[in-house]
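Written below as structure tokens is the structure these notes are about.
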Amino acid sequence: MIELRDVWFSYNSGKPIIHGVNLRLSNEITIIIGPNGAGKTTLLKIIACLYKPDKGDVLIDGVNFWKLKSKEKLIMRRKIVYVHENPVLFKGTVMDNVTYPLIIRGHSLEKAREKALKLLKSLKLEYLTDRKRNELSAGEFQLVAIARAIISGAKYIVLDEPTSNLDLEHRIVLESIIREIVKSGKQVIIATHDRLFALKLNTEIIEINNGEIRSILHSKDLYQEIEEFIKKAGKKSLNS
Amino acid sequence: MSFIGEIIEITIRSVTISLSATILSSLWSIPLSLIIARSRSRMTKALMGVLNSLIGFPTVLVGLFLYIIFSSSGPLGGLGILYTPFAIMIGEALLITPLLISLSYEIFSKAYYEYWETSITLGATPAQAFMKLITERFEDIIVVLLIGFSRAIGELGVALMVGGNIRGFTRVFTTTIALEVSKGNFDIALFLGFILLIIVSTTSAIIRIMGGRKSD
Amino acid sequence: YNQSVKIRISTTTSLYATGLLDYLYDEFKENHSNVVVQFIAVGSGAALKLAEQGDVDMVFVHAPNLEADYIKRGIITNHTIFAYNYFIIVGPKSDPAHIANLTPIEAMKSIYNSCENGQALFISRGDQSGTHQRELLLWNLSGLNPFNKSWYIETGSGMSETLLVANEKNAYTISDIGTFLKLKGDGRLPNLVKLVDKGKILINIYSAYIVETAKTNSDTQKVIKSLMKFILSDTGQELIGSFGVDKYGQPLFYPAKGHEDELREIWQWFVDLAK
Amino acid sequence: MIELRDVWFSYNSGKPIIHGVNLRLSNEITIIIGPNGAGKTTLLKIIACLYKPDKGDVLIDGVNFWKLKSKEKLIMRRKIVYVHENPVLFKGTVMDNVTYPLIIRGHSLEKAREKALKLLKSLKLEYLTDRKRNELSAGEFQLVAIARAIISGAKYIVLDEPTSNLDLEHRIVLESIIREIVKSGKQVIIATHDRLFALKLNTEIIEINNGEIRSILHSKDLYQEIEEFIKKAGKKSLNS
Amino acid sequence: MSFIGEIIEITIRSVTISLSATILSSLWSIPLSLIIARSRSRMTKALMGVLNSLIGFPTVLVGLFLYIIFSSSGPLGGLGILYTPFAIMIGEALLITPLLISLSYEIFSKAYYEYWETSITLGATPAQAFMKLITERFEDIIVVLLIGFSRAIGELGVALMVGGNIRGFTRVFTTTIALEVSKGNFDIALFLGFILLIIVSTTSAIIRIMGGRKSD
């Protein structure tokens, strides 16, 4: 379990972006929503132990991360992967990218390739295996970055707006992969604006705004909201 | 020895010394530049300013300085390396250090953050993240090393002051050229320069083309 | 000439580096405020080469046999000897070849033998400078051939660098007096001492020439003439003779005045010997 | 009007990505949808005259763009702005970025700033005016890039996945701004995966796949599809 | 003139000449590097290889080459610029051209495509897009120019061969240093080097810190 205790954070520019957040991420899947600039990305980076809070503690499986020695930090870091909202891929092929987390964990190249190929297939991306990063469409790029993170086998998978460039089919594929992941005791934390995706994942939703937790909802609470929206939009279309 | 024979000998010696110097210098320059690129303080900027200005520092002074250190009455006189090819190699490695650090710094300071962070989030150890950065910028580093090599093989002051331009032992391209110029043998000097140019530029053109083939 | 006139003189670095030329020029300027004299200090060979290219109006050099070649080709004329001094043979304090107080030729022979026995090394400038030419002449007159011997080290660089090598390797070498005194005085040559400094064969003759290939006008020619005149004048010659005494405790140059014919003969002798 | 006539395009790697597309963009708003890797971005770049087709013609207001001389091309180019799916912002402040298209068109700095401020306000972004590009959240970044394009006053505005990082509120703001733009005779062309956004814009939708036009729909055709999806997802949530 | 007076005079001359040379060289080097960065052909890579190798080309040869051209019996002898500060400036501008092009190329080749395309899609003329690229990379260009300046002020061969090291007229830092070394005045040479270092490094540190303040 990941827990934040009274976490404060500000960028160099000064005013705090995260205001005393307390959070226990205990669900298989947690979704974070909130308007642009609410602090979702900042919060995810704190959860992923990339940003050190100005104040407060980040506990990973009960261990206070920022009090660890650097050796222990490394071990802890390997429990968490994070996919940036604008991820970077490394030079080399898609295969090279996807196998990277396995290679650095000491797996043999052969095994890594086998696993990577299986994952790419389940994401319907095997046709990309030998592509370079500059030969991918936006959605393909995003999926490869997600695949690269998932393959690591990390216990906590933190995804920042994973569906922003995905088509309908890939959203469904991603959804089912996430469901599979959590079956093996892993946890997924997702920040997103994609309410349909949030709805489908059918889980707890944390709404933040101005760096504070505003409410904790459940996917079904989104249902009404979206349905109304659709109705309105649909009526307009049908009338035109 | 024949004129041609001597030129061949000098070529081999120059290339060997300067190549070793470049590799030697890269052993500390590249890690240092990475460390500097990591820090983003005002101090670092000032340090880079100083390093930039050292790039063009007169080689004769670097040579003189090293001479004083290596000379038998100097602090490292006991090593007895003055007037050996080894001394030139050390000298050139130091001479090109500011150049290598500055150029590598420019390369890494741009890429540093995103590739570093990405590697770390994927579970890389700091050493593995370093390696990733280096492979990520491999072609650029090769270019930096080529520039360093070109600077090393083309410099005169260090080779002259700590090498001594001893015929058959520490005489390299540039000291030969300077000698021929002082003799008034301008034609020979230009001819030697032409050979040097051919050697360095074909090597570096080939390396760049080859590097280009497998980039991105 | 009313407007300012500029003349260029190429000179060997070792001569210029003593400071003599700037010293003379500063004096000359007193009465010729319209004249700008520019010295280009380069290696002996290069100094003459610049003359051949027509980029200088005069040359000051000290390499008789090179000079003779350029005279023959009509590039330089008006040969004027204006100063002389002595080359010196320097070597390690222990003097393994025991050359102190020997004549130059005997000294060279002794150095050769001692080197062959592995007791000494010899450093040659190997750059065809005036100093190097004289060294070659000395070997030649001794009837010895040191080339390609392992103890015969060619540095192919300037006098100071060569002296530093000799000091470092405890070796013998030949130097001009000015550079040696300067470095010795600065404590840069703790291992070296002056061993031989007498003998006609060690005389170092400084000559001035007018360059024929230069594109000069009449004003320039007038200036060149008066500069030549000044150097040979009593004032000029006195300046040469007294230059450096305050710094080195001994003169670096002797004026040519009074020894013109003798020096010219010796100069010719050097040219003939080199053939 | 922009027209494509039998346009073919392939990247260096060889096989054609766009296969003989014929297209007349005559609606105020045109939406392009299609799965990841369908060729939407490629098509938009061809429409925006950034990529030259291997074969076929691109006509802007009846003029064959790629047959123009470079001077005339410039004039034509100013008629079209394009916002990349991963846009870049320039160094300097948000204000510097948004005023850029006006400055290069010779407007005074003062006027440019005034206009920019007005636009930023209408996008609810005035708090970003003096921010640098690395101090923006993903959604803020995207909005600034869109603002920078819109301000140019270009006749054709081409947006590649403009809502991928936007929150609900900004999607509505963007929608209304687009409606305003087209009122003055301008045309907007949008590629998107955001079916709710497409639905709300209530216009013609071009569906492409594998570099070919598969069908031409209308927003209302999406209604049913989405409603079903919601129902299913919603039911699941409600049951859980 | 007094010793200090002469040093001040030489300092001013050196800085003026090398600064002019750097600015002059940037006038062609930066546009050229942009043009080269635009092209991505195999030829370009080879050309960059050659340019890289020219970076360290012995300055004495560049000087010799220019001497032959400027000499009164050379093709441009009629201009009468040999042994003038102007000749040094031209020579240094040419000398640092490969360095400036190579370094600028590295800067632009990365940024070129995205900023160029973005400017163009926003309606920029090619000239405006060029300007945008340059302002976008302004700090980097300043660093490149600093490195170029440092190289120009620290080089010896050109200043010696086409300047002639004429006292009070073309004598610059490096030629003075070389002269003092040949005189055996090592202390003065090192002192001069120290001054040179102070001047170049404080300037460049200040510029970098100031540049850093308003970057991004």
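A, B, C, D and E are the chain letters, set down in written order, and residue numbers restart from 1 in every chain.
FYI, contacts are C-beta pairs under 8 Å (C-beta built on N, C-alpha and C of every residue); 3 or more make two chains touch, one makes a residue touch a chain.
Keep in mind that this is a model prediction, so the values were computed, not measured.
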Reaching chain E from chain A through chains that touch each other, fewest steps: 2
Intersection of the contact lists for chain A and chain D: none
Centroid-based (C-alpha) most distant chain relative to chain A: C
Chain whose average C-alpha position is farthest from chain D's own: C
Chain C and chain E: spacing of chain centres that average the CA atoms, whole Å: 36
CA centroid of chain B to CA centroid of chain E, Å: 19
Whole-Å gap separating chain A and chain B, where each centre is the average of the chain's CA atoms: 45
Centroid distance [mean C-alpha coordinates] between chain D and chain C, Å: 81
Residues of chain A touching at least two other chains: none
For chain E, residues that touch 2 or more chains besides their own: 181, 186
Multi-partner residues of chain C (at least 2 other chains): 13, 42
Chain pairs in mutual contact under the definition given at the outset: A-B, A-D, B-C, B-E, C-E, D-E
Residue numbers on chain E that touch chain D, as the complex places them: 114-115, 117-126, 128, 132, 135-136, 138, 215-216
Chain D-facing residues of chain A, complex: 11, 13, 34-38, 40-41, 85-86, 135, 137-140, 143, 160-161, 164-170, 193, 195-196, 199-200, 202, 218-220, 222-223, 226-227, 229-230, 233-234, 236-238, 240
Residues of chain D that touch chain E when the two form their complex: 48, 50, 74, 77-78, 80-84, 87-88, 90-91, 100-101, 104-105, 132-134, 148-149, 152, 154
Footprint of chain B on chain C - complex, ascending: 13, 42-49, 126-129, 153-157, 161, 164-165, 168-169, 190
Touching residues (chain side chain E, partner chain C) in the complex: 71-74, 82-83, 160, 164-167, 169, 179, 181-187
